[in-house]
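My structure is below; once you've seen it, I'll send some questions.
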Amino acid sequence: MMLEVRDLVTAYGQSLVIQGISLDVTTGEVVCLLGRNGAGKTTTLRSIMGLTPPRAGRVIFKGKEITGRQPFEIARLGVGYAPDDRRIFPDLTVEENLEIVRRVTGREGRWTVERVYQLFPLLPGLRGNRGIGLSGGEQKMLAIGRALMGNPTLLILDEPSEGLSPLMVHTLVEAIRQIRQEGVTLLLADQNLKFARRVADRGYIIEKGTIRYSGRLDDLWADQEIVRKYLAV
Amino acid sequence: MDTIAFQGLIGLSLAMYLWLISAGLTIIFGVLRIVNFAHGSLFMMGAYLAFTFYGQLGLPFWLAILLSLLGVGLLGLVMERFFLRRIYSIDEAYQLLLTFGFILILDDAVKIIWGGVFKIPPIPAFLDGAWRAFGRPFPVYNAFVIAVGLLVAVLLWALFEKSWWGRIVRATASDREMANAIGVNVPRVFSGVFMFGSMLAALGGAMGTPVRVASPGIGAAMIIQAFIITVIGGLGNLKGAFVSSLMVGILSAYGTLFFPVFELFFIFVIMVVVLLVRPQGLFAR
Amino acid sequence: MVLILVVLPSLAGRYSLYLVIQILILSVFSLGFNLLFGYTGLLSFGQAGFFAVGAYACAKILLAVPNLFLGLLGGVVIAAAAALLLGFLSVRHTRIYFSMLTLAFGMMIYSIAWKWRDFTGGDDGLVGIPRAPLAIPGLPALSVASMERYYYVVLVVSLLAIWLMYRLVNSPLGLALQAIRDSESRAEFAGIAVRTYRLVAFTIAGLYAGLAGALLPPLENTVTPPIAHWSTSAEPVLATLLGGIHVFGGPIVGAFLFFMIKDVIVRFTEYWLIWLGVIVVALVMGFRGGVVSMFARRAARAEAASDR
Amino acid sequence: MTASALLQVAGLRKRFGELAAVDGVELTLVPARLTAIIGPNGAGKTTLINLVTGALRPDSGRIYFKGEEITRLATHHRVRKGLSRSFQLMNIFGRLSVLENVLVPVLSRLGRTVDPFSRLEREAEARAEAEQILAEIGLGHARAHPAGAISHGDQRLLELGMAIAPAPALCFLDEPSAGLTPVERTTVLDLIRRLSVERRTTFAIVEHDMDVVFSLSDWIVVMNRGRVLAEGPPSLIRENREVREVYLGEDALA
Amino acid sequence: MKRSLGIASVLFVVSLLLVVAAAVPAGAQCQLGVPAIKIGVQGAASGPHADYGRQIEMGATMAIEEINTAGGILGCRLEMKFMDDENKAATGVKNARYLVTEWGAHFMVGTDSSGVAMALGPVLAELRRIHFFTHAATHRLTEELVAGKGIQEIVRVSVPVYQDAIVAALIFKDRPEIKRWATIGADYEYGYASWSLFKDTLKKYRPDVEFVAAAWAPFLTLDFSPHVSAVMAQKPDAIFSTPWAGEAVMLLRQALIQGVFDQIQAWWQAMGGSVDVLEGIAAEVQRDRFKGKLWATARYIHNWPDTPENKAFIERFRKRWARFPNYSAETTYSALFIMKAAVEKSRSVETPKVIEALKGMQIRNPGGLRVFRAEDHQFVYNVPAGRVMVDPNFPIPVLGDLKVFAAKDYYRYPPFTPVAVTK
């Protein structure tokens, strides 16, 4: 088991955003959290990453409890994270944004700057540009590349397809497939069911801070009732 | 003409002391978002330690400076690790007050340790004497101060633009949470930056001891100028701190030459003008 | 309490009386500061500037027209005018920017006090300021030359100032200021012109600083530039912090403790600053509520316990 | 300028660096019609509210309120004219009591906050009105508690109370049901419905909870990438293919 | 809110009672009817001039120890209390009030800063206590407050600013080659008054001199380089300088490295004869870096007068404190012996009687013969000025080549006209 989340409860101040979420990610699979805006997907991922320490519950990564650890320790254990709002370091260049991760995690491995460039052919042409000048889509690719630079065994991507043009979504789908082939386990959060269906095996639907459905995405796609209830308008 | 050029050169040496102290203040603010009121006291500690190592223990000047940097760096580390770190999350007014408490403690501590008499060691032989510039003797020491100041500027530029430590610090400064998430040990970066900033203040103090005395109260005299420089330059902006140090240093040297009566007032006028025109400072982000 | 203060001259020695005057002055000074800090959320490190403006203005008036009433009034009005002017420039900024700006403005006033010798007497200051009679128009002039008499003047003025401040913070205006402190954006959406109200608070704080400053020259007969220095600005900050920022009486108790602590420490050691520093650090690290709220909390807990 | 419009927005644009957060929005809000503004993350909903209420200045475009241009007006003046809002993240006066939280906007509307000498206890008119609001939002029992210490659900109610306290003609609510338990959510929805009738306040809500949106609103505005994608009554929006695609991501795969 | 105010009041009342209770009543004994003669001592013990306050404390302590060992004054023991005035007028006044009304001082002595002295003056009248000023040098203290306003309680044992300014003019009027003077002045009253008095006096003797440049350095200046270069741009023959203590040392060193002593004929350093300054520049003097061009004075100089009393005083002082006495130590020490003489003469510690006893007093101190001047309560005594040089008999530099002018010849006399301060 790559990741086990048990009865996670997270709050901002008085507001219980996550009200007891449990989920599993098996080694080698791609799992997607689905749900509308404000359902609690981002908070779940942040809690796993240690950015918003949970109030209760446990997070177990590769059999080891990481609940309450500092994010940098979790990153150094091999969890890569690309947030929904990208958070590219604005005054570092594209190449520095990538290289810095290798430097700070010290996790050398298959992923190098060149391999990230191969994965996202858009990036090498921008290698000297500062993060602040990149378009949203470019930042998205860079954020994923940056998360890979720590050679993670688990990669967490928050809303990877959000705001991307169809062409870029296509690139992204290809990239995720390649990443998976390299043996990286993925946990995504997305609103876009069609996109999720193309990359993920299993999914969880989150609504109002709790899990409402879990299962194979193909099955989910077939169940228009659930889609309508939790994902569509 | 020569008079003006010479005075400008003197102003440049004045500016370099200001630069060293405001550089540390700026770096600490830029990364930790803390205004360190006690920064001037660290400057003073640098001066006293340099006096002890060089003037009393007779160590070589360079070594003495190095040791006083380390000593003050250690002091900064203690301040950050055991005090400031515990209050990052609370209202910044309290951070200001805490560092104010440190001023009171450090000012009295030097009196207890070194006594009330000012301290001044001899000028190292290799920095004694003068060169000629614009037809007048220009002190080697002032040239040395200018050289150190410019060297520090270049080193800081290289450190922050070219070294990985600098890039990590910049990344942390711009987004400490994301830096943490990619594996940066943020608390350690904070300690490192605070220590580094303290050492810059100490360098300003230590470097000056043979020509400027170490005495209780010099820290409090420096901190206001350093504040004004960082406000003019734009809080947290290193380039701004450098430019406004040059501006204040050189302009106040000319103030002494042309308007000797208004010198003290001069720096405040610059500040008010800058704030009226650009409230966020000259180089605000 | 007021009763004890009223009969104090017959109980206490002259030094105690003098000390109580100083405490009352610092109380008024700190109350003004806390309107800005505790109630409006702005930490000013330049209040000594307005304290000095009040003191110098009062001194100049007393040297020209020997009437205490005019001196106090002039000090207050001129300090408030100075605060209005500098406040206009300062309240555009908040938080650390505001603190540094007020620090610099305060030091600017300090350098004026030091430099404008023809008017301020430079570093020697203004000397020989008379403890002139209090002549309120329409009332018979009252001589206040003795320390006891002057004590009563300070007492009445301070109690009046404390009472007015109490009314102010418990008025709709005071509530609006506290709202700004808690949330600037929400206050805007409550229809409050935030910047204007900040300026009002700044001006009132400057007015109180000026009043406190104006009470000083008749006591000391002198005004010198160090009263404008930032280390003087630190006094109301420390007093308020010591007593507690979120309670009305905090600055008053704090002013008292500040003088007591200093007075006690200096009797035993000349290194009193280090002890004050240790107290400040300890307060910030451990007891941010100040002494009064510490007691208030205990009292509230006891009350809650007895309810059950 | 539509005669019946309460608020009209024309060609509104706002950029943050590279990002066009609001990119030419045209919008009309009609009195007494409860409008919901929906759309995926980053669609520009909150930016739109910030522009309309004055927290942000637009790069271009115009805003009219009750037929009067307010594009450059300071926030507190807009509030005085009858425009108010609640906040997505909790934004209350944490150290003040619950009653005082509501009292501030009421006093402000009555022009009483300028008075330094009146006593709060004597502000009978304002107090009565604030008590009335507390009663309406069901927080009368908590009037003396510090607002920072009451439960999240009660703070949401208080947000709502503070938003209606200036007696606005138009009130924006930014995610009024976020982080609430089902019971609290029902309370809030009932309250909004009731207030819009009793107080004659027109509400415009930004909301992600589609149950809330469809059960509450008379009119839905769908935003995507800084623009208004569609608007209309709930029944039509539910069937709108474009809207479905935005939510299910079909456009991205086209 | 209400409750907190209540608690605040309770605290306040309790504390007030404590203050009241703390006022200790006094007893009685000894020939003067007091348990002990109490001496309040003040000086700057913090900040950059802290050593001057320390020297005051050392001088006072030693005088009191010696007097007590010899049986006190009319059988009465002396007690002292030293307080730091922080160089702030407000603190000085507060201390004085504490010392007199709370601690019960019969006399006060000390005070470094002119600002503090000027503030203390009127308070002394109210407290009715004599304060012997042993450092503060402003002419206004004696001219305005004593002669002008008639505050009898002010007595100065130290010399006024006349010494720093007028003696310089008297010395350099005889150096015809020096025609162009510049000043690097302390940017406050003391600096301005000195420069004005110097210019006025020198002009009388030497209409040919020019005053070519002035640079003013505020209190707590750390770098005088721009001031030095600004005045040197005018190519002066000599420099008149008034920053003192650590600032003087800094200034001299910064002038040295700008090669100033190669370009000028003389440098007058007011108060350069202070022990801390001489210690600070000792290495440079030994290597003759000043080329014999550095002239200085002080309020007392340890190598003059060459009398057994002075030598014995220095020996005792060095034995007691392992340092040389600074002028503030000597003046404070002597002030206490002046007080002793006055009390013994009047057989009283009451202020008016002691003041009466001071009139006409002439007394020999380590610093020489001091004569009380009733018009302004200034003790008049001679202090030489001289060239800073090495003396094999002393471990620190001394003033040599001494010029002694009779103080009574150059002191200002009533009616005092204000010193027109020009910059």
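Should a chain be cited, it is by its letter among A, B, C, D and E, assigned in written order, with residues numbered from 1 in that chain.
Assume contacts are C-beta pairs under 8 Å (C-beta built on N, C-alpha and C of every residue); 3 or more make two chains touch, one makes a residue touch a chain.
Small disclaimer: the values here were computed from a predicted structure and weren't measured.
Under the contact definition, chain C and chain E share the contacting chains B.
Chains that count as touching both chain C and chain D, per the definition above, do not exist in this structure.
For the pair chain D and chain E, the distance between mean C-alpha positions equals 72 Å. A separation of 32 Å divides the Cα centre of chain A from that of chain D. Rounded to whole angstrom units, the spacing between the C-alpha centres of chain B and chain D is 49.
Distance from the chain A centre to the chain C centre is 55 Å, each centre being the mean of its Cα atoms.
Among the residues of chain D, none is in touch with two or more other chains. Annotation for chain C: residues 114, 170, 272-273 touch two or more other chains. Residues of chain B in contact with at least two other chains: 107-108, 111, 261, 264.
Taken pair by pair, the chains that touch are A-B, A-D, B-C, B-E, C-D, C-E. Contacts from chain D toward chain C in the complex involve residues 53-55, 74-76, 79-80, 84-85, 87, 91-96, 100, 103-105, 107-109, 112-120, 123, 126, 162-163, 165-166. Of all the residues in chain B, the ones that touch chain C in their complex are 35, 83, 86-87, 90, 92-94, 96-98, 100-109, 111-112, 220, 224, 227-228, 230-231, 235, 261-262, 264-265, 268, 271-272, 275-276, 279.
On the chain C side of its complex with chain D, the touching residues are 167-168, 170-176, 178-179, 181-183, 185-194, 197, 246. By the touch criterion given at the top, residues 37, 43, 45, 89, 92-93, 95-97, 99-101, 103-104, 107-108, 111-112, 114-115, 230-231, 234, 237, 241, 271-274, 276-281, 283-285, 288 of chain C touch chain B in their complex.
By the touch criterion stated above, chain E contacts chain C in their complex at residues 1, 3-5, 7-13, 15-17, 19-20, 22-23, 45-46, 82-84, 87-90, 93-94, 97-98, 100-102, 114-116, 118-119, 121-123, 126, 138, 140, 144-145, 149, 187-190, 192, 218-219, 421.
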